[in-house]
């Protein structure tokens, strides 16, 4: 990849920050306006999140691959895409970006920058939901990135739009997002104690989808890294 | 088609499973959150279903054609697309996938994996709706697959988004989906007794649209099979 | 245009029928489910209509130009697109198609096929709305058809999505649609007495936009007809 | 740019007018129908605005660049795109167009053409929101205009769809829009006294994003002006 690492990490950090600002900010706005109608609040939250994902992947994809998600960076590195030495910096940039994004959202709505969530999200049905949510996300990415790379932003935006509704956990599907959402006690929050269960389920889902698609849609050439770079560009 | 049958059947099964997980899962979520507001619940159900169809057809189209629907597989085989010997395996994969998807949805929401629906959906207006719904779906597919193949995922997603609302049956338009939705007593369910009437109406609608479009938009070359493969890829 | 007239007229009739089935059908569904919440009913009506327009223009554009609208056919003929001798058959096909579509919608919802609307839509603000709505529609068409022809389906779908909300008349913007909607006493109806005022305003709006864009974006070659055909294909 | 200035200014004026007609018109419609449900009103307002932005940028982009926004014109001129001598005429056309659009909206809904808004929008959280909203808008534009120019209309439409919800100010992000919205005492209005604070925050946000992206995604050739023109076309 010709773009230097500092630009790529800035892209991952900035993109994850804008993603979290949207997820948390639109959650706060929706909860305030919806007057107790949770379906309507989640619908607004869904539309804002799906739309911003299309934007962020379109603009940052050519720079950094637009992962914004440690599960995606790990799966990509496993399949020979992202260089192994870049995994840790990518994940760090994503987590820091997520925390910045939550602070931006909270400050735009006159909340403290960070404050622990009290929203309980735990139990088998929730963990199974996160497994399925992340399985589906990685399936969507692996299924489109090689054959229709220009569709990736729309695939991910549309997938999350659906997944907010078809899972009982509203599809976090992203460890950096999960950590960040623990720091805002609002509509989109999650209690810090419940974070590890979500992250384990997410990583298992990402692993399962990546293994399945490695069989289902094998890379056509040996030069996978090269192919992935073009796919994202 | 160069992809071997096991991969294609996996794609049909997995795609239909994710479709049903979305239809049923988002129906349960929407009904729980909407607090009796059925219009809002159906709107959320619509947006999730339309979005996931775009995703699933984009990612599985190049593998299996992304039918997820026995009516589509039958119509395609009739027009010389899908090989006759592949029709039965395709339909089996779709029905099994649908049942798996319902189980996934039910388990994500702490329901039993399968439980018979009690939702009555019968009578002439409902059957006429399913005829029109499937007629329109096949019209959308035949109208786009030859001339604008890259638009097929968006055409089908947008069509179902509209059809959920303009038919009194909310557009099942798919025998495998109809069977699967009989096994969840929730928002998107259908009483098992009402399944055969829906399926008959769907097959008639698919037949009518396919016959009409064979006249309206004749294939340009004799080599239809080849053409269809390219169109989906 | 190589497609013979009978196919083109079938496309105009079928497309207008499916458009009206959607507009009227989703209006009935939305009104029944929304329990008096008119904003929610209009939102569902909007999303269904915008989505089906994308579908119908994508699939019928290459056949007939996908006008579905006498104002569009007249403007196109004026600018040297549609042959003068085809204008009357096109308009007839659109009006007949619209009436069929309303009957389909009414029958899907157990209503009589046609029954006169009692919904009052008259007065200066309504007429001005229809002028602006049709001005904007033709601006959207002329602005995209020459320079970005593949975007036309999305432009028209998105424009009507917006125009349902920004005009006080909910943007009929189409004489065939206006006539057809007079025959269903439901959410999307219009009293027969109010039809002429709407149609006059629509034709004036179409005329104004077409004249303005003939200056703003002049055709680049003398061979406008040829160019338009390619643009639509 | 080969298009003469009078056509380009007409495009900027007409586009900004249709944008404001949509923002203000759909705000009035939504507020009237939503019966006090502000979340639903904002959702309708959001969908209409996002959709019309896609339309307007698609149709006017090839003519004038489709800025409709003084902050965008200033940033573009700074980066060597828009000629310096065209900046003042562009901004004038945008402001005049915005005022015309508000009058059109008000008249469509039987309001006086212009009447001062009484809606208070002030304070640090609101200003910070406008800074972030405009930062994100310019990031979206700079991030897409060079690498994926055909996606710009969708990027801007989707970005504003999200930004209406994730900022506490509902993302004006545009000085011409802000001035125009001060002249309608309706859902989308802003008190004239609060306009300067919004505009200052918007210009700072546009400046910050433009500076950041000049480092993050440097133009590849020296001939930036040429490149930009092609990008928009």
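A few remarks follow.
Going by the order they are written in, the chains are A, B, C and D; count residues from 1 in each one.
Basically, contacts are C-beta pairs under 8 Å (C-beta built on N, C-alpha and C of every residue); 3 or more make two chains touch, one makes a residue touch a chain.
Quantities reported herein were computed from a predicted structural model and do not represent experimental measurements.
Listing every chain that touches subunit C and subunit D alike gives an empty result. Because subunit A and subunit B share one sequence, their contact can be compared position by position; here under half of the interface residue numbers appear on both sides. Chain centres computed from CA atoms place B at the largest separation from subunit D.
Centre to centre, using the average C-alpha position, subunit A and subunit C are separated by 40 Å. Chain centres here are Cα means. That of subunit A falls 28 Å from that of subunit D. Of all residues in subunit D, those touching 2 or more other chains are 37, 40, 43, 47, listed in ascending order. Chain contacts here close into one cycle, and each chain has exactly two touching partners.
If you check each pair of chains against the touch rule, the ones that pass are A-B, A-D, B-C, C-D.
Within the complex formed with subunit B, the subunit C residues making contact are 7, 10-11, 14, 18, 21-22, 24-26, 29-30, 33-35, 37, 40-41, 43-45, 47-49, 51-52, 54-55, 58-60, 62-63, 104-105, 107-110, 157.
Taken in their complex, subunit D has these residues touching subunit A: 37-40, 42-43, 46-47, 50, 125, 128-129, 132, 136, 139-140, 143-144, 147-148, 151, 154-155, 158-159, 161-162, 164-168, 215-217.
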